[in-house]
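Going in written order, the chains are labelled A, B, C and D, and every chain counts its residues from 1.
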Amino acid sequence: MKRQIEAEILSQRRLAPEIYDMRIEGGEAAKDARPGQFVTLYCEDGARILPRPISICEREGTRFRLVYRIAGAGTREFASYGAGKKLRMMGPLGNGFPLLNKRAILIGGGIGIPPMLELMKELPGEKTAVLGYRDRELFLRDEFAAYGPVATATEDGSAGVRGNVLDAIREQGVEGEVIYACGPTPMLRAVKEYALEKGLLCYLSLEERMACGIGACLACVCRSKETDEHTGVHNKRVCKDGPVFEAREVEL
Amino acid sequence: MKRQIEAEILSQRRLAPEIYDMRIEGGEAAKDARPGQFVTLYCEDGARILPRPISICEREGTRFRLVYRIAGAGTREFASYGAGKKLRMMGPLGNGFPLLNKRAILIGGGIGIPPMLELMKELPGEKTAVLGYRDRELFLRDEFAAYGPVATATEDGSAGVRGNVLDAIREQGVEGEVIYACGPTPMLRAVKEYALEKGLLCYLSLEERMACGIGACLACVCRSKETDEHTGVHNKRVCKDGPVFEAREVEL
Amino acid sequence: MHTRVNLAGVELKNPVMTASGTFGSGAEYGEYVDLNRLGAVVTKGVANVPWEGNPTPRVAEVTGGMLNAIGLQNPGIDVFCRRDIPFLRQFDTKIIVNVCGKTESDYLEVVERLADEPVDLLEINISCPNVKEGGIAFGQDPRAVEHITALVKKKARQPVIMKLSPNVTDIGEMARAAEAGGADILSLINTLTGMKIDIHRRAFVLANKTGGMSGPAIKPIALRMVYQAAQAVRIPIIGMGGIVTAEDAIEFILAGASAVSIGTANFMYPDAAVRVIEGIEAYMEKYGVEDIGELVGAVR
Amino acid sequence: MHTRVNLAGVELKNPVMTASGTFGSGAEYGEYVDLNRLGAVVTKGVANVPWEGNPTPRVAEVTGGMLNAIGLQNPGIDVFCRRDIPFLRQFDTKIIVNVCGKTESDYLEVVERLADEPVDLLEINISCPNVKEGGIAFGQDPRAVEHITALVKKKARQPVIMKLSPNVTDIGEMARAAEAGGADILSLINTLTGMKIDIHRRAFVLANKTGGMSGPAIKPIALRMVYQAAQAVRIPIIGMGGIVTAEDAIEFILAGASAVSIGTANFMYPDAAVRVIEGIEAYMEKYGVEDIGELVGAVR
């Protein structure tokens, strides 16, 4: 039976302003983790009751590396903890990216970058990372470079191509057969359009406000093209059926 | 202007099961503290919004020593913190005991014992402490002994006189001209009766559930014999007019 | 010592069930908790046809609780009967189906469809604040409550639980209306209507503007209403609203609830219901309570 | 940039005041906060004669909030006029007197007694859940709300704020009733009736059994009701219920409140009101809001 565990933080450091890098012991269940899955962390503060979904940046043995942005009081609480602190955790959750043996473009935007790192490690074929940042705080970029070429875009032009990830792809002539992407919805929408235009297979990792994190509460749905088998309507559950969807499956 | 401060915990240790001993930096305001006053400590957990009143056990310069019992989630939270942690704090609050130059009996029962220690130190005249415990966990007793004779009662008879503080007074022939007491209401009621019977001056430190801690909300009232000047009715505010009352002033 | 409770002739092994909408039909939480331990599983609301529910965001966290505006998304009664009832039948727990509708005939269609299904109790949801039609509209007027209760009772083969809305002036009046309509059991409270605004975007956080508030924050209000309802009627009450721990559950039982539901707490601890069951047993042991019925309404 | 608001002809330097019952008449909190900074001080409820209030315990903490059943203890209007009004007159802030009563004539006696006193606004408390007679009984029926409002308006020399109870099915209906009765301003919400039980003693925690719930936990409900009331009437609204931070206050303003009250937060941070004022100013600066009126009801 799966369970919520008391997970011990192994280390934590600040990677960039508001971006934290936590290593946490995930137990036996962690061994089954796939790139693109996530965990849920629970606050200790009794005023904050809902779990926070956090994508898995890397997994080594039973240990997770979680790189996350402070987005509110809950993630600020997490960021305040150091090694030795235990937090309730569930996961890995969700479906994860399919590992295809095709030439791949991995697109990460902002806090959508971390989950692409484990994928970059595990994809068997040729692969290029395209990372979109706000500014010169290029967290994790060098780590991607260990596994393949990296194209960079920054909104303010302070590094790489000025503009967004698609600007970088076009300007640097990045090519592939399959796209994997995680980032803000406007980015995903543009990536989907680009993939359809180029006739590329495309997997998108979506984000939506969650409650249960395991598919029971139907909070985090997205619009699906077809009637979903589970829900009986045009909705898929981001936490359970996703967070990764083939781009044509979902409406953004 | 008075204020709520961010007070730094200087040290904390466990004195007995569920009884903790915290030293905390009280700032300039601490210098005016009198025996029998209290501070309010605020939880960090957002689910617990009300301050916890804690009696002042000792005060040295700007530092308070607070000895308290874990009575719920809030005090359990306080007990979890070590040196360096900062907590919001107000105080000293309340009136405190009058320091009379008379032969004094200081009666403390259970978690009513700690505030009597500072009083034991500061009273100018001859004084005897009478301390009532549940069992052989005689926290603070030895520290009282440095300032005068101590009579002890335990409910289970494991130390001193078996019974309550009045049993100890009678059995050990403790005498004086003024009684100061802090402890559970049944004890205070018995002490008041004893004092009236013996014709002794008697000051009681009361406890009642508080909200604001400074006299505004009228939560922690006690019944007063006379119409109270502030409230216009037969109620006095434990936090502001008390916690110390001349026994004849209040109905228990 | 035993924790069995009898609700309108249906005997539950213990008084702890899951609150509708927080537990699906048990399949997802079944991976985290042994469903055989539960007194009953109360399913997410099911209508005569599939409902798409509301746009997202559908949830928001608030101090000590959450808002939801799922909008009763459900696959419709056909899928439910084909998939969810057989799933739940595998377990040694009672099955309570939460029934929702937009019109009277919607409710009745589902109730009739369930007549020959192996479900133990029906819970009629006349108190969902998140759907435009039906739902709460039936639950805020005593005449409407009595009327829909009577209609359902005429068709229902299983005993009927009427689930009451807390968004009313006088919960006792609503409880009496349901009892007058023939309800076998009451359950309360459904969620309290709440709102959250994003001051930076200057917009409602929920796509539906308002949502139903649940979680520990609402417990004192729920407890008060359960107490008031218990004073108002003779039929048993299933109490819910912010129950996380056994201590919470016992408060509701002492206030007059014969059974309790665990809702939002499932999102905090997937095994919350089992923790509550174990805690109730420990309490009964500590205080020498032989029959949990001794505790029902013991504080008044 | 300015934060001035005009409430029925009374200009407040900023929209932040203290909620009745949490701030006494300002004397105690005046040691911790500069009363000159506040838009107004709303006093604890005052009746025609002294009230003893309820037995203790009068308060209990709950998740993210508290219950109180003070029972409107007050020294009566004579002491109030002699002591509290002169005290408040020392400060550059508006004085709003909260008026309570058990009967219509109690309210009117206080209103008439205040006619020649230098107070700026009257707030009529028809929504206290903790007194047996009067209080909330006037606040849960729209006809009663309109009636008492009209009676008070006939006698009052100062503009009248009607303070509404959230323990109702339809807050919009209550708001319209007060407006129809001639109210100049509405304030909401008062506390939600709640309960807490001590499972070990098997007894109510509050001597009064139930108490009024306040604090951050109730904010979503309060915000929803302020929004609904603002949609229902044209008169200004003073919003309150769980406001601790400037962000909370701005939510209420965006939902339609022209001003806000800080209540239970005073118990958490004695300078909560000033923190809120400063935070509102910072928000206005950040977003280039020239006049706080631009924000009132900007989300709908």
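Note that in this section a residue touches a chain if its C-beta (ideal position, glycine included) is under 8 Å from a C-beta of that chain, and two chains touch if they have at least 3 such contacts.
This structure is a prediction, so every number in the text was calculated from the model and none was measured.
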item	value
Fewest hops from subunit B to subunit C - one hop per pair of touching chains	1
Common touching chains of subunit D and subunit C	A, B
Chain pair showing more contacts of the two, A-D and A-C	A-C
Whole-Å gap between the CA centroids of subunit A and subunit D	46
Rounded Å distance between subunit A and subunit B, as computed from the means of their C-alpha atoms	55
Computed distance of Cα centres, subunit D from subunit B, in Å	35
Overlap residues in subunit C, where contacts from two or more other chains coincide	63-65, 216
Per-residue multi-chain contacts in subunit B, two or more chains	46-48
Category of the chain touch graph - line, ring, star, complete, other	complete
Footprint of subunit A on subunit C - complex, ascending	21-24, 28-29, 31-34, 44, 50-53, 56-61, 63-66, 68, 70, 73-76, 79, 215-216, 264, 266-271
Subunit C partner contacts - residues on subunit D that touch it in the complex	62-65, 67, 140, 167-170, 192-197, 199, 202-204, 210, 213, 216-221, 223-224, 227, 242, 247, 250-251, 254-255, 283, 298-299
Interface residues, subunit D side, partner subunit A - complex	63-64, 216
Contact footprint of subunit D on subunit B as seen in their complex	1-4, 42, 46-51, 74, 88, 90, 208-222, 230-235, 240
Residue numbers on subunit B that touch subunit C, as the complex places them	46-47
